[in-house]
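Read through the structures below before going on.
In the two complexes below, subunit A is the common chain; its partner is subunit B in one and subunit C in the other.
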Partner chain A sequence: MLIPHPLLGLRDAQEFTYLGDAALIDRPDPAAGEDAFCDYVFLRDNPAGVHRELWYHEQGDRSWLVVTRNTLTHEILGAELARDVALARREGRA
Partner chain B sequence: MTRLSGGLIDRDRTIAFTFDGRAYRGHPGDTLASALLANGVRLVGRSFKYHRPRGIFAAGSEEPNALVELRDGARREPNTRATMAELFDGLTATSQNHVGPLNFDLLAVNDLLSPFFAAGFYYKTFMWPRAFWEKLYEPAIRRAAGLGRLAEAADPDAYDKGFLHCDLLVIGAGAAGLAAALTAGRAGARVVLADEDFRLGGRLLAESDLLDDAPAVDWVAAAEAELRAMPNVRVLARTTVFGVFDHGVYGAVERVADHLPDPGQGVRQTLWRITARRAVLAAGATERHIPFANNDRPGVMLAGAMRAYANRWAAAPGTGGPVTVFTNGDDGHRTALDLAARGVPVAAVIDTRADAVAQGDYRLIAGGMVSDSKGRLGLTSVEVTANGRREWINCAALGVSGGWNPNVHLASHHRGRPVWDAGSNAFLPGAGGPVGLVPAGACVGQGSTAQALADGARKAAETLADLGIAAGQPDLPKAEDRSTAAAAFWHVPGRKRAWVDHQNDVTVKDIALSHQENMRSVEHLKRWTTLGMATDQGKTSNVTALAVMAELTGKGIAETGTTIYRPPYTGVSLGVLGGGDSGAHFRPRRLTPTHHWAAAQSAVFVEVGQWMRAQYFPQPGETHWRQSVDREALAVRAGVGLCDVTTLGKIDVQGADAGEFLNRIYANMIATLKVGMTRYGLMLREDGTAYDDGTCARLAEDHFIVTTTTANAGPVFRNMEFARQCLWPELDVQLISTTDAWAQIAVAGPKSRALLDRIVDGFDLSNAAFPFMACASLTVCGGLRARLFRISFSGELAYEIAVPARYGHALMARLMEAGADLGVTPYGTETLAVLRIEKGHAAGAELNGQTTATMLGLGRMVSARKDSIGAVMSRRAGLAEDRRRLVGLVPVDPAQKVVAGAHLFTEGAAQDTANDHGWVTSACFSPHLGHSIGLGFLEDGDQRLGEVIVAANPVEGQSVRLRVASAHFVDPEGGRQRD
Partner chain C sequence: MTDLTAICALGATEPRRETFGALTLAERPDTALLSVALRRGAAQPAPLGLALPGPGAWAVGEGLAAFWTGPGQWMVEVPGKADTDVVATFLPNLPGCSLTEQTDGWTLFEFSAKSGATVGRLLERLVNLDTASLAPGRATRTAVEHMGVFVIRRAEAELAVWGTRSAAESLWHALSTTARRMETSGWAQQ
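Moving on, here comes the complex of A and B:
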């Protein structure tokens, strides 16, 4: 697989470490309590179809990426810096 | 000899080879199969299940029968297709799958027992008693049914991996592939052309047809010369593209030196990972056969293969005797014509079509079929049934032509399902195949030479247009344009066994039985009969089997459907998949900065992940590791010792928010740490479990150095980057791993201060100026920049000193020299472990991913005044209620040993899960105390000091009585490290 790194262009998937569901970016507020953290830690979506997921360019520039991938076809529909995604969510929330 | 005239072999040179110990001769250009045929050898092996005599059936990679063990000794390679083995001088091959000589296989008795070995035999028979499976059935079946034998020595050859990038990958260098490559190459596109054969040309080499009134090989040679001269084209012969992977990545194996007696200094095979923007699949087609009774005898082969042997390799099928051809289309007639032209007597052509017309001077039996054969070890005659009459015709070989199956394999690798084309009676590539892969030529039903050439050129141009590359159409040579269609005649009816899958011994009767037993889906049929599951993956049998099944169900072939293909197209050796990553190169080996120094001191090394660390330093006269370790440990506690601790992960954390960031990473408070001080830190996983520990030193307001355990250096850094980029991107903080940048040496023991005093550049090491847990940047040895941390893993007065990695060796040597009169002693990881167990410090065995801060006795470190990773979840009831605590363990009888892994029970209690009170995590002999000690987690351990419990080790059948003690065996008050 090839991943379109937003800064470095197409990079081989072997350079990356896979983490999974990009929902991990949305860490609950510590005041949200144990139930919210249980969901965050243990529950993941694993859709057959379009999925947003976290990849880490460990053998590269150490960027965490949010990659949008169709898990049925492995088609990659986009890749963003996870930092940008996280910052955009902050703004949306504020 | 049954060598004909002509052919693409080099008769000026002769090659000697042996088969089953007998010497034969061939020529460059031969395969093992063609050379055997040219030497009149028909019997080459035994079948998998029934041990039936078998001969060469095909002329390419689809060969189901002629599997041999190639070479001997460490290079012996079983199940090698004789049709793909290029002849070389000194080649040795051995037939396989028989007990006793090939022509008298003792296991041929299986053939007489065949009524018992029908479809599903194993499933039905070896069911019970269950205990018999492992001891009796499986070994016996494996011995009887195994194919070739593996070499028992390690593979002596080197393998490699390579990467290629191109605009267009052309798979197959037959008519369509060459036309595609020429079109793309001339347009300036970057092209890779790969073919599994050692000679480009595909079927053009096997046919007698002319191109532009000249032999086809002339056009092939010109095309090859032109392609090889283009700098933008890479031609890979002997290269099988075995799979299509995601995003235009193709896997290919180049057999670089399989055709040489010995690869010498070169590699045997190369695994190519080809990233192609587009690909043209010009994989051609594979001929199918028509099952009839006893159709598996040596001498019965595919008619197209027979033609290939005669035209390309000048080898007559059979032993020079007359040949018959059995066909359901015009293609079989081409074989008869070519053989006759080369002087091979053609006894008859049997065509299933009643309206068939002879195309030359041979006997034609129209509307007939071959209904049986004779010849125990090789064909002697065939029975022909036509117009209600039966006739036996003597012949040494029979060519069977049942039409051609497009090689759709790669087009179905991404679940592209082939579709049945009733017009050509064949499966063609369907929709949903790999993106960017365009089939052309015979593999999409464009099977005549003219069609293949035109289709290859056209598809290449269309594909390149997609990429914005304009390509003109090449002048294509005038070529034959005959129909390759065959009648829908799938098998000859009859009661005797008619083989569909030769390699796995699956007959028409097996398919019928499977159907009778309600295995109606093609997937069930495949698994119940094992059809298509042999090393050839059913290349010559799958479609025929589906047709037979369709006939039995009364459904059409389209409705019956087909199984699809997965990589690899043909077998790929594990050696080439490993490439160079084997033995010492299996993974990177990391050496510490003092490695060569330690090696010069005769250190014994141990692998710690990728690192090689000094385990202990044996001295003259020490014959057991314990002698060395006891000496080293006592020397540290009495004087001073040195240990390379570079492998611990080091992460440099800088930025205005570095303190706040680390507060959220560590469970304990870091932001309050004073500049110039170090703090022990504990990290949790987000689920609340203890994760990793280390130290955190503050060199400046905005500059920290975090250390991690050796094992977690990578993962902790990854998690910190995750936190920095994904969780708290608003914080001003930067991270970099400096594990490899700084050499770090632990200087431990009561004389450590005295030793360091001799190398620092006027730095005040007094307890007042540089107390326990202090840290500083300084210079040593007259100007070398260094970092000093007063931290202790051993419990003694101790420091860790870091210098740029390239000075690690020199620093170690200088410390040894400077401390000679202090008795300075180097120590390794074994002593490091003894010292920390004596001190009761947790390490990997305690931080094993199942334990909590509270269990470790560090519960109060988890700050409730701030958020940090894992803080919320660490307070959930399931973890908070765990009552196991870290304790020290001492044998009641000092002569006995504490064994790590043993489980702890109350004395007298039944030793079962319900009564399990914990386990021993670490244990060692303590030279300081003079007996064995251990650490472990024990239920309510903090309240059971002094109690005698039992450590059970049922694996080794021991129970040892242990007394519960403080985990701090040495200096529990901590005075030694503080003062």
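Moving on, here comes the complex of A and C:
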């Protein structure tokens, strides 16, 4: 499987480690309460189809990527730097 | 004061060098390595007039070279300065950056061949990358036999590999075995 790194081009998946659902970027506000954190820490959706997930380029430039992947076909639909995703989200909220 | 004997990463007092047909592999203990991280909001400096390279690239200047390691991060190579305090030397040239000396954590091995085609074949055997992406002037971090390394294509027929010093012997074994096999099967004649 090849992952299209936004800065370095196509790189083999063996250079990456997988973390999971990209929803992890969205940590609840510290004041959000125990239920919100319980959901954040323990509960994940498990979609059959398009999934946004976090990958770490460990044997590369050590960047975190948000990779959009179809879990049924393993087709990679896109990859962006998690930093850009988080910054865009923060700006959208502000 | 204790008398200390400086030794190379492969355990000898002299750097190791081995030739396989037209391919030479050499240990380079004299190059200093420095990591540079740009601080938030700081302007990108140009140490000694060298424009720091973009993603996946390597650039060479007067007495130093640099390669990109991540957004706002580079490694600076200073040939012949491994026994000096390169952080102190370069601090004034790299304002707005955090500098960390890396020389003793890494070891540099360099391949030289007569033709670029031989280096291309070497890359096909060593790294899981599109070899065309490692054209001259390109550098990247990847893995060679599960060891994290920086691979730099300094010129058409020159390839440098920075590996961790603690795995120097394993890395040399991986590189020299590949080169020896190429020589035996007739792929290292140019």
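Criterion: the second predicted complex is superposed on the first by the 94 of 94 C-alpha atoms of A that agree within 3 Å, B and C clash if a C-alpha of one lies under 4 Å from a C-alpha of the other, contacts with A are read in each partner's own complex, and residues count from 1 in each chain.
Note that contacts are C-beta pairs under 8 Å (C-beta built on N, C-alpha and C of every residue); 3 or more make two chains touch, one makes a residue touch a chain.
Computed from a predicted structure; not experimentally measured.
Chemist: Would you check which partner chain A:F37 touches, where first means subunit B only, second means subunit C only, and both and neither mean what they say?
Modeler: first
Chemist: Just checking: does A:R90 make contact with subunit B only, subunit C only, both, or neither of them? Give me first, second, both or neither.
Modeler: A:R90 sits against subunit B, while subunit C stays out of touch.
Chemist: So, A:Q59: does it touch subunit B (first), subunit C (second), both, or neither?
Modeler: Touch status of A:Q59: second partner only.
Chemist: Quick one: is A:T17 in contact with subunit B, with subunit C, with both, or with neither? Answer first, second, both or neither.
Modeler: Only subunit B is touched by A:T17; subunit C is not.
Chemist: Does the superposition put A:G9 against subunit B (first), subunit C (second), both, or neither?
Modeler: In the superposition, A:G9 contacts subunit C only.
Chemist: Which residues would you name on subunit A as touching subunit B in one complex and subunit C in the other?
Modeler: Shared contact residues on subunit A: 62-63, 81, 83.
Chemist: Where on subunit A is subunit B touching in the complex?
Modeler: 1-2, 17, 19, 24-25, 27, 30, 33-34, 37-38, 40-42, 54, 56, 58, 62-64, 73-76, 81-83, 85-87, 90
Chemist: Give every residue of subunit C touching subunit A within the complex, in rising order.
Modeler: Those residues of subunit C that touch subunit A are 55-56, 68-71, 128-130, 133, 140-143, 148.
Chemist: Using the touch definition from the top, list the residues of subunit B that touch subunit A in their complex.
Modeler: 245-249, 275, 414, 435, 686-687, 714, 718, 721-722, 725-727, 729-730, 867, 871-873, 875-876
Chemist: Could you list, by residue number, the parts of subunit A that touch subunit C in their complex?
Modeler: Touching subunit C from subunit A are residues 7-12, 14-15, 59-63, 81, 83.
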